[in-house]
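Once you've had a glance at the structure underneath, I'll fire off some questions.
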Amino acid sequence: MLKEEVDSINDELTESNLNLSVVMNSQQHQQQNNLKLKNPLITASGTCGNGKELADFFDINQLGAFTTKGITVKPQTGNKTPRIAETAAGIINSIGLENPGVDSFIKDILPETKNYSLPILANISGYSQKDFITLAEKLEGRKELAGIEINLSCPNIKGGGMIFGTAPEKVYQITKKVREIYSGYIIVKLTPNITDITETALAAENAGADAVAMINTLSAMKIDIDQQKPLLANTFGGLSGPAVRPVAVRMVYQSYKKLNIPILGLGGVRSGSDVIEFMLAGATTVGIGTVNMIDPTAGPRIIGEIKEYMLKHQITNLSSIIGAAH
Amino acid sequence: MLKEEVDSINDELTESNLNLSVVMNSQQHQQQNNLKLKNPLITASGTCGNGKELADFFDINQLGAFTTKGITVKPQTGNKTPRIAETAAGIINSIGLENPGVDSFIKDILPETKNYSLPILANISGYSQKDFITLAEKLEGRKELAGIEINLSCPNIKGGGMIFGTAPEKVYQITKKVREIYSGYIIVKLTPNITDITETALAAENAGADAVAMINTLSAMKIDIDQQKPLLANTFGGLSGPAVRPVAVRMVYQSYKKLNIPILGLGGVRSGSDVIEFMLAGATTVGIGTVNMIDPTAGPRIIGEIKEYMLKHQITNLSSIIGAAH
Amino acid sequence: MFKIIANREVGPGIFQLVLNYDQLPQNPEPGHFFNIKVSQDGSEDPLLRRPFSIFDFDAAEKKIEFIYRVIGKGTKILSNLDNGTELDVLGPLGTPFSLNKSGGNIHLIGGGMGIAPLYYLAKKLKSSRQTLYLGAANKAELEFFEEKFKGLGVECHLAAMEEKLEIKGSALVLWLNYLEKNTPDYIYTCGPEKMLAAVEKEALKNNIGGELSVEKRMGCGIGVCLSCSCESRAQDQKNKRACVEGPVFGLGEVILGA
Amino acid sequence: MFKIIANREVGPGIFQLVLNYDQLPQNPEPGHFFNIKVSQDGSEDPLLRRPFSIFDFDAAEKKIEFIYRVIGKGTKILSNLDNGTELDVLGPLGTPFSLNKSGGNIHLIGGGMGIAPLYYLAKKLKSSRQTLYLGAANKAELEFFEEKFKGLGVECHLAAMEEKLEIKGSALVLWLNYLEKNTPDYIYTCGPEKMLAAVEKEALKNNIGGELSVEKRMGCGIGVCLSCSCESRAQDQKNKRACVEGPVFGLGEVILGA
């Protein structure tokens, strides 16, 4: 295209008439329960605290939605430190779900989210089906929340998350139970530590999940060669960051055509280009995790980069590119 | 330790009395079939051609062993290009096993390896159990080879490698068949695209493999966001390089205590430290793949770095650190 | 915007980094740290920022100064950046030292690069009687700091592990040698966690109050990831984040590890 | 050992990189390429080397010269490296242009950065009658090259996509405009694969022989990984590696893709 032509088109399509909004459809209650977001960016659980800290850096209402740090039934102090190890283009974390427990979450954290005008999602983790039921019951009806994200994939807890997340029938059972109790939007977050993620994704869909999120972290470790022992106090942890993005994008791409529910794609997003990559693969929304730890203003920067891409490619409605790489 | 003390010890332990040799035990024929290597470095299949090219850069006999590019029964021209994509600290390849076929391998390539004095391993891939049987039959008795590496894990071939490699019973069957035919050293190379790699590793052991190699590449993809389509002509490819090392080390660590046969650890090795990391996790030998593509003289450099580590930590016998991080 | 105006070796593998800034969210206090991105031009490795304590600060000239030791990949890359390079820097971060004991008899105890946060502190505590107990591997590592602290009129005692200065040994042993003769009102200490634990134990045993600064592995430095949690000795047992509630803690406030 | 002695912008986003070497395995010929590691100090990202064709070579002064366009992360990082930086460089690699048609009427057809390998070639073909057909986005991208080639006495025809020079269009269209009037004995061409395919087709139709240089995505550049395979038009159908048998191929030798 000649430069003048591009310029003249750009005259028409300007930042102000770009439409970045996306809709995460709901399986259950049709339209009225859809999650409508002003843009596809959703903070990834555990990498953004509960909003307060990032709010020092920018207005987090600019984001599509906010996911809170994972909560459990009881308070947890987490794993021993070191809890984090840096690897090539990635990090391994074994935080171990340090959190104040669901009751404190409801009493102390949820009220604070009232200051925000964006949808809030609570990320929940459990060690048994009963845990998930308790969490769903306690969160049901909480107006502050747009929905919950069931974390079936945390690789840091012995005998816990990982086991549910790799067995399709367990994913189905837990999702189904939670679905019976919780009426808001339900996202099931899946582990990539699995032979075929489409099996667990389909299990979640069949059990009534409104959406799936992929991926949580890849089980990984690092050894301190001078100490000759694992670097993390917990031995194993979860790998995230740019290193894992090619695996995450592959999983989203593989799942897109098999699923009828929307996908929240995440893993290693650093820039607007990466968000576009996930959407082209089939993600309706895209999570930003590790990047916030490095660049606290990543959210608004990425939104700007998405807009640049839309202008360059003359895309008016961002949602039109979902799955376009197939 | 005081500097003088360190110096005085170093006087005794010098480069020349470091022992880097390792032994890969054989399950089958006890001692006489053991693979004795002067050091733990083994070239990873597909990243070093068949030796000739690297030999322009250094004497490859300095390495522990050499693994040839994967061969199939019939010649293959491989996938369409682009066959390679760069990712953060990694690469995705979908070469698609371009190779001249086993007959040409025996006729043209094997004779060339006679110039080398290090053990040569042939990497074999197949689309069916029959393929593996054919390959084993053709390679049985070839004096040029110290052994074969059964690639049950190439993620690039539709309906092929990936499927065998993720089902423990298939791994068992194929290994068993090959074992009945092939009398040299057998390494079974496993895929990391699996929920629990210890299951396939144990299947290989139970079927009579002498060793397992882990990991092959992680299934992955990259999308060209300007073209809005997968960057690789083959859509999917395998991720290798430093990005995957934390996953590979975790898998070796997990498997070490469950297995009685030695592990060839690989995935993302760049330096001597990385070799040490794999050995501490439980690897007896360590593969160097992608690094050779970037630094053709990586082999000798890494050997030097291992020696530095041994001097620093006063380690006389490198094999004494195998599994020491447990 | 931060720009490198000096990045020079001031001891073996020890660098002084001076940055010019155009604006800061607030002026740093002693004990604050900054989180510096060392990879440039979109390289994803190293991925995380690197935390460094403020070593010196000059509001008039808009300069912040750090002292760092080359340890691994990140500091190696940092040490090769040239003057004029623009750096992505977050800070000041964390909770600084309290200066309310100013005027008393103060001991500064630094192990290795633990010296870094103590200089700007000493500057701010100028009205106090200050004694520095500093340990490192060898004399060459200490010279730059000795000169700096002497310039502030701080009494300096130096120890090295590899050669005999005042003693051959650690900052801890050095300090203990003087503790009875010269008992401080308050101490500030920074260094390896094992040393901090030992100093804390001795101080508490002798009923001496003080503060320490810990170096925890950090993911974010801004309180969102909980990588840097320290177990609290307080009743509620709520973990404290080294990057928000710390890196400065009161003696006895958190459980020090290895 | 290779050291940067110049790295400057000579057109919009186009850089000239001059390296001093202390030794080379062999002197480079036109069409050879070098594989340059752009990440420094152990950073693993970008991981792969970046291939660049030799633009100019001076054995007496031990200088090799490249021209590159800033495309993505790798070239961006490269463009920010300062004089004095030591680079890890492999080369010369690949199969160069043959110079046996020297003396005839030669056309050089370059699209965009496809110009890079043609300058040193033109220098070596000095005794021939040479005409350059060069296309780029705009005039600013062409100026540096026009001057260089004119300096060799090469007749230059220039086209741009964004503004009318000799024509408004591609190097291909420009060349076709002249093909009948000035039919060459031999052509050398480099540029986007689509352009190469079109040039090849026209040349073969007109029974003109020649050579082209392809830019294939490379893993290793030394023939070990088979990332750069080109399908051969030869009987045996054996793939050819762009990094070993290429990047220079005879017209019609390999199947050109998109």
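We just call them A, B, C and D in the order they show up, numbering each chain from 1.
Assume a contact is a pair of C-beta atoms (placed from the backbone, for glycine too) under 8 Å apart; a residue touches a chain by one contact, two chains touch by 3 or more.
None of the values given here were measured: they were computed from a predicted structure.
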Checklist entry - Hey, what chains does chain A share as contacts with chain B? => result C, D
Checklist entry - With chain centres defined as C-alpha means, what is the inter-centre distance between chain A and chain D in Å? => result 45
Checklist outcome for this item: chain A and chain C have mean C-alpha positions lying a whole-number Å distance apart equal to 36
Next on the checklist: How many angstrom lie between the centres of chain C and chain D, each centre taken as the mean Cα position?
Outcome noted: 52
Checklist entry - Out of chain A, which residues touch more than one other chain, so two or more? => result 85, 88-90, 241-243
Next on the checklist: Residues of chain C that contact two or more other chains, please.
Outcome noted: 44-46
Next on the checklist: Testing understanding: with touching defined as stated, what is the shape of the graph linking the protein chains, line, ring, star, complete or other?
Outcome noted: complete
Checklist outcome for this item: Per the touch rule above, chain A residues touching chain B in the complex are 85, 87-90, 92, 166, 193-196, 218-223, 225-226, 228-230, 235-236, 239, 241-247, 249-250, 253, 268, 273, 276-277, 280-281, 309, 313, 321, 324-325
Item to check | Contact set on chain C toward chain A in their complex | outcome: 37, 44-49, 88, 90, 216-220, 222-231, 237, 239, 244, 257
Item to check | chain C - residues contacting chain B, complex | outcome: 44-45, 161-162
Checklist entry - What does chain D use to touch chain C in their complex? => result 39-46, 73, 76-77, 80, 82
Checklist outcome for this item: chain D partner, complex, touching residues on chain B are 46-49, 53-54, 56-57, 69, 77-78, 80-86, 88-91, 93, 95, 98, 241-243, 270, 290, 292-296
